[in-house]
Amino acid sequence: MQRGYARELYALVKDFPILSPHGHTDPSWFALNEPFENATALFLSPDHYIYRMLYSQGIDLDDVGVGSKAGPSGADPRAAWRIFAKNQHLFRGTPTSMWMGHVFGEIMGFEVQLCEDNADFYYDRIGELLASDAYRPRALFDRFNIELLATTEGPTDTLEHHRTIKDSGWKGRVVTAYRPDPVIDPEHEDFHAKLKMFADLTGEDVYSWKGYLRAHRKQRDVFMQHGATSTDHGHPTAQTANLSTADTKALFKRVTGKHVTPEDAELFRAQMLTEMARMSLDDGLTMQIHPGSYRNHNLKVFEKYGRDKGCDIPLPSNYVHALKPLLDVFGNEKNLTVILFTLDETNYSRELAPLAGHYPILKLGPSWWFHDSPEGMMRFREQVTETAGFYNTVGFNDDTRAFLSIPARHDVARRVDANFLARLVAEHRIDLDDAAAVIKDLTYTLPKAAYKL
Amino acid sequence: MQRGYARELYALVKDFPILSPHGHTDPSWFALNEPFENATALFLSPDHYIYRMLYSQGIDLDDVGVGSKAGPSGADPRAAWRIFAKNQHLFRGTPTSMWMGHVFGEIMGFEVQLCEDNADFYYDRIGELLASDAYRPRALFDRFNIELLATTEGPTDTLEHHRTIKDSGWKGRVVTAYRPDPVIDPEHEDFHAKLKMFADLTGEDVYSWKGYLRAHRKQRDVFMQHGATSTDHGHPTAQTANLSTADTKALFKRVTGKHVTPEDAELFRAQMLTEMARMSLDDGLTMQIHPGSYRNHNLKVFEKYGRDKGCDIPLPSNYVHALKPLLDVFGNEKNLTVILFTLDETNYSRELAPLAGHYPILKLGPSWWFHDSPEGMMRFREQVTETAGFYNTVGFNDDTRAFLSIPARHDVARRVDANFLARLVAEHRIDLDDAAAVIKDLTYTLPKAAYKL
Amino acid sequence: MQRGYARELYALVKDFPILSPHGHTDPSWFALNEPFENATALFLSPDHYIYRMLYSQGIDLDDVGVGSKAGPSGADPRAAWRIFAKNQHLFRGTPTSMWMGHVFGEIMGFEVQLCEDNADFYYDRIGELLASDAYRPRALFDRFNIELLATTEGPTDTLEHHRTIKDSGWKGRVVTAYRPDPVIDPEHEDFHAKLKMFADLTGEDVYSWKGYLRAHRKQRDVFMQHGATSTDHGHPTAQTANLSTADTKALFKRVTGKHVTPEDAELFRAQMLTEMARMSLDDGLTMQIHPGSYRNHNLKVFEKYGRDKGCDIPLPSNYVHALKPLLDVFGNEKNLTVILFTLDETNYSRELAPLAGHYPILKLGPSWWFHDSPEGMMRFREQVTETAGFYNTVGFNDDTRAFLSIPARHDVARRVDANFLARLVAEHRIDLDDAAAVIKDLTYTLPKAAYKL
């Protein structure tokens, strides 16, 4: 019975267009529309879900095509692909196997699973497909029925690819989002270099507090001209602060100086969340807070390969005390939306649902990163819905740089929501009609509203 | 098969009388037995589950009839009701929709769901019903088959309504419970005023440590004369302490003085849990500890509306270190019952079940507040049972001020227990006969024993 | 449909031999092969799962045969057994009831459940069986189809029973494991006495840092000669350290002196995990880290009865910061295996799966102790698999001193894995063929590889 409801609910939204308001695809793909290179370069070397799993079993990153600080990997892409093919068993039960299964089966037409024996067949066939016009980025974008796709750019990005897209006449809606972390986090390894670029790009004296704030406002405005409707903040914690102007100025001076203490760095990031909220109140950008990752935990991998190599590990997070300074000032505003994410699932029922179920500015982003998976999504709904309802959530984010997996990821989310709602119907906790309204809202209405698309 | 077992088990306890050993209904209802006023005053303005959800979506508290420090809300109750009716979708998937559905359908006989279009029809019909004798408090109490209902009163309450009930000849058993927080928490905004009243009421010198303790003993005795079988302690944390008499006296002097540090306040609350346990050992009152809520988190709402306006947010809790001082003294007693609650579900399997599965004095209260819901109750059973068993739990508490929802809440708890047990039967983890014994015990025997009813 | 898959998958591994790479059975049983004494001595007085539950309901430990520091319990074993029989309801829904049900039904042939009325019948019949040759330890070992069983011995154990087994000609493989806690934990009540024995046994100057390390290397070697393939570390936390040699020497001097601070004790244990990893890199022993238990929490029980009396309570654990010092040095090694366990289930998805899904040396041990149960195992799979996959886990550990329950425990694990995999198959998240491969690996291949059996 529950299965029947699930099928019925899923059928309602299966073919809805995709709204992707938060992700990390490369805008140059859509600006230049050049063919993707080969299976390894497209699927393997950029996907940290894949190479972290291979690495956990003793496979070197170089061998699967991951470039290091010394330059690109010297691995033969076909040899790298064979390693991936041979180790498919590692992904059993993981979302990666579902995403890749969908890509290979639905998008590329393979009829047998990838394995050691057919590695070359796969590699060659993928190469042929990628060389065809139907597999160029814009063609896939259209085929995927994407209504809107947001990328994420840093505060010193020139947005040239977004300009190219806009000027190209192509109808695909690819917009940017403002992620100012490199000029907000004094502990970022490029903080000083980025500040310099920030000054050059905006023409502001970013070493004075007022000039620094003006530079942010200017860049937010430029980003909005390239379609941005949101900002994104990937801080180590959700800590916010609300210092006096005098204290903030003194803090700003310290963190832009030579020696920064960890406490000052944390306090400055905290204060800047409040400043960003203040700006959002003026310009209407929706804020996203993505805290709680211990970045680059593996010292040796970081030293050799640099950032973002699958070595980020979640930390326990706290929101109740951390957000209070910001909430004390802006928590009751009706025209501000702050979307919270977490990597610590214990926050769902304990903190996030109660906060979002009360404060007008707060909404909950979907289950994130390690939790972007069937079990993870189901736990999110089970632990959040009873206190926050569905209408303090914002639908699905694919949050991915793996462009071809976008339809698979949205499809998984729609299926999980259908399953969750079907259970509620079967248990007489919601009417089937209401469940139908909810799944449409989760798929389309809620992301559209929360991100002002 | 599992569904069949569930139905069978639920049928066994469906019509059991209701034991409500912990709640927050108003004893004046049963003392005076006057008709409830109207739909908004009965259902909407006192129910923080409802107005916090509305508030989270930008609806003002005034507009739904919530009074502020400046006085009662000026909202037209019918207009407030229309707002509630129009926003029913916010409650989809929440326990509120189940409770209200039960109240409207089972208790009031409505045949269609509340919605914007029938708001006035609902409002008028509810008004008619409330004016009839069958919907007066005592008539409903009898109709609900309530065997016993406990309210909760402060240490300075005169218990006049309980006296009226006792003297009235009405058969309904409505008892009180002793909740001394206002004279135990030095950070309570009325601490000094309440102490003064405590002195007046008991005739004790409550500013001396000995007199203060005597006043508690006296009031506990008065409460017991009005049916109390339990005390209740809503502290910020579960911290306990076991100081020497000299240290306690010095601490008492500091916390009853002008300037109280947060550390002293916490230490005094901690010490008082141990003192209360000592008194319970003498007078037999069961202790309830309800920790872990950050009260009045929303500064602006607190300033305008005061306490208890749906702005309480759970915090991470710890019991293992916190309870040790008390357990070191009284943990092995056979004639003391301490019931623990939590708002942090991570405690269930990690701390609470192992503690209750070992210490003779400890029992686990049901899933509480934000977790008083089908998913929340199921997680409680799933995470607690394997280590603590069923017999270190105490059945269900409705913990509500929403009188008409009491049958619905107990019904949900019975259904969830039936579902959980049915799964165990289907998985050959318990016999059907044993499951039948368990559900009867959970519904009736265990609360009766734990609360000495 | 899911049930059908589950049955099919379970049938594949139902009769696989048992690998038990981590446990606490007594090697003297297999060395001497004497009959077990009686039902109470075999099942009741040594099983903390059982007597902690009885104790939680006010039953004295003496009365169920638990010896104290003053000597053996004076309780009549038959009377103790009657108490256990009478209180079977306490175990409803717990794994104990499943294990004991399996032991009584499958191993001993009882056809009715144990209860108050048949207590004596059970007691007598068990006595008869235990007196027969078929119920001697080696006969049961063979009947249970145990391919390998590891016990756990301290660093000063002479391993005489293991030598006897080896010399006996019996084919059963019973090996030891090296658990050096008593000479590593300066807060262990026997630390100094054990150090002295460690010196005597190894002939090393264990009061010098170099001699102390040499003593460990020697004993590890002796243990390996008695079959050991692993070490085990039951520290209060997972903290590791990587001090300079000079700092370590100074620390070693302090912790072997008269007054040890808690900070030094913690730092020394932390440093020793890194030292043990260094030795494992040389001799190939797999490391197991079992942190997070507050040992002997009940002061009065500890004072009267001593250690390990069912009074251990889990604590919140952290791995991300705690393991970093060790991981910075050895995290990327390909020839080292460190198996992590936890008592804090919040670590599964937040920390342990992400760590094991990245670091080559890390693997996840099965759900442990309070979580060695159907719900606990299912949560482990649900929360771990999507990020770490199946192949960063190591199959099942029974971790028990209850020898007769070993088949039941492995059977429960196989059933839960079959159920979990069946659900994935039913939800099209894994192929049935792949699920079949996985369950065989979980049951046999993975423990064999991780523990180098």
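A, B and C are the chain letters, set down in written order, and residue numbers restart from 1 in every chain.
Just so we're on the same page, contacts are C-beta pairs under 8 Å (C-beta built on N, C-alpha and C of every residue); 3 or more make two chains touch, one makes a residue touch a chain.
Only a predicted model underlies this, so the values are computations on that prediction, with no experimental measurement involved.
Visitor: In contact with subunit A and with subunit B at once: which chains are those? Just list them.
Guide: Both-contact set = C.
Visitor: Taking all residue numbers at the subunit B/subunit C interface, are over half used by both copies (same) or under half (different)?
Guide: different
Visitor: Counting in whole Å, what is the centre-to-centre distance of subunit B and subunit C, each centre being its mean C-alpha position?
Guide: Taking the average C-alpha coordinate of subunit B and of subunit C, the gap between them is 40 Å.
Visitor: Among the residues of subunit C, which are close enough to touch at least two other chains?
Guide: 346
Visitor: Would you tell me which residues of subunit C are touching subunit B in their complex?
Guide: Within the complex, subunit C contacts subunit B at residues 52-53, 55-58, 89-95, 97-98, 113, 294, 297-301, 310-316, 343-346, 370-371, 373-376.
Visitor: Provide the residue numbers of subunit C that touch subunit A in the complex, in ascending order.
Guide: It comes out as residues 318, 320-321, 324, 327-328, 331-332, 334, 346, 349-351, 353-360, 362, 382-383, 385-392, 424, 427, 429-431, 434, 437-438.
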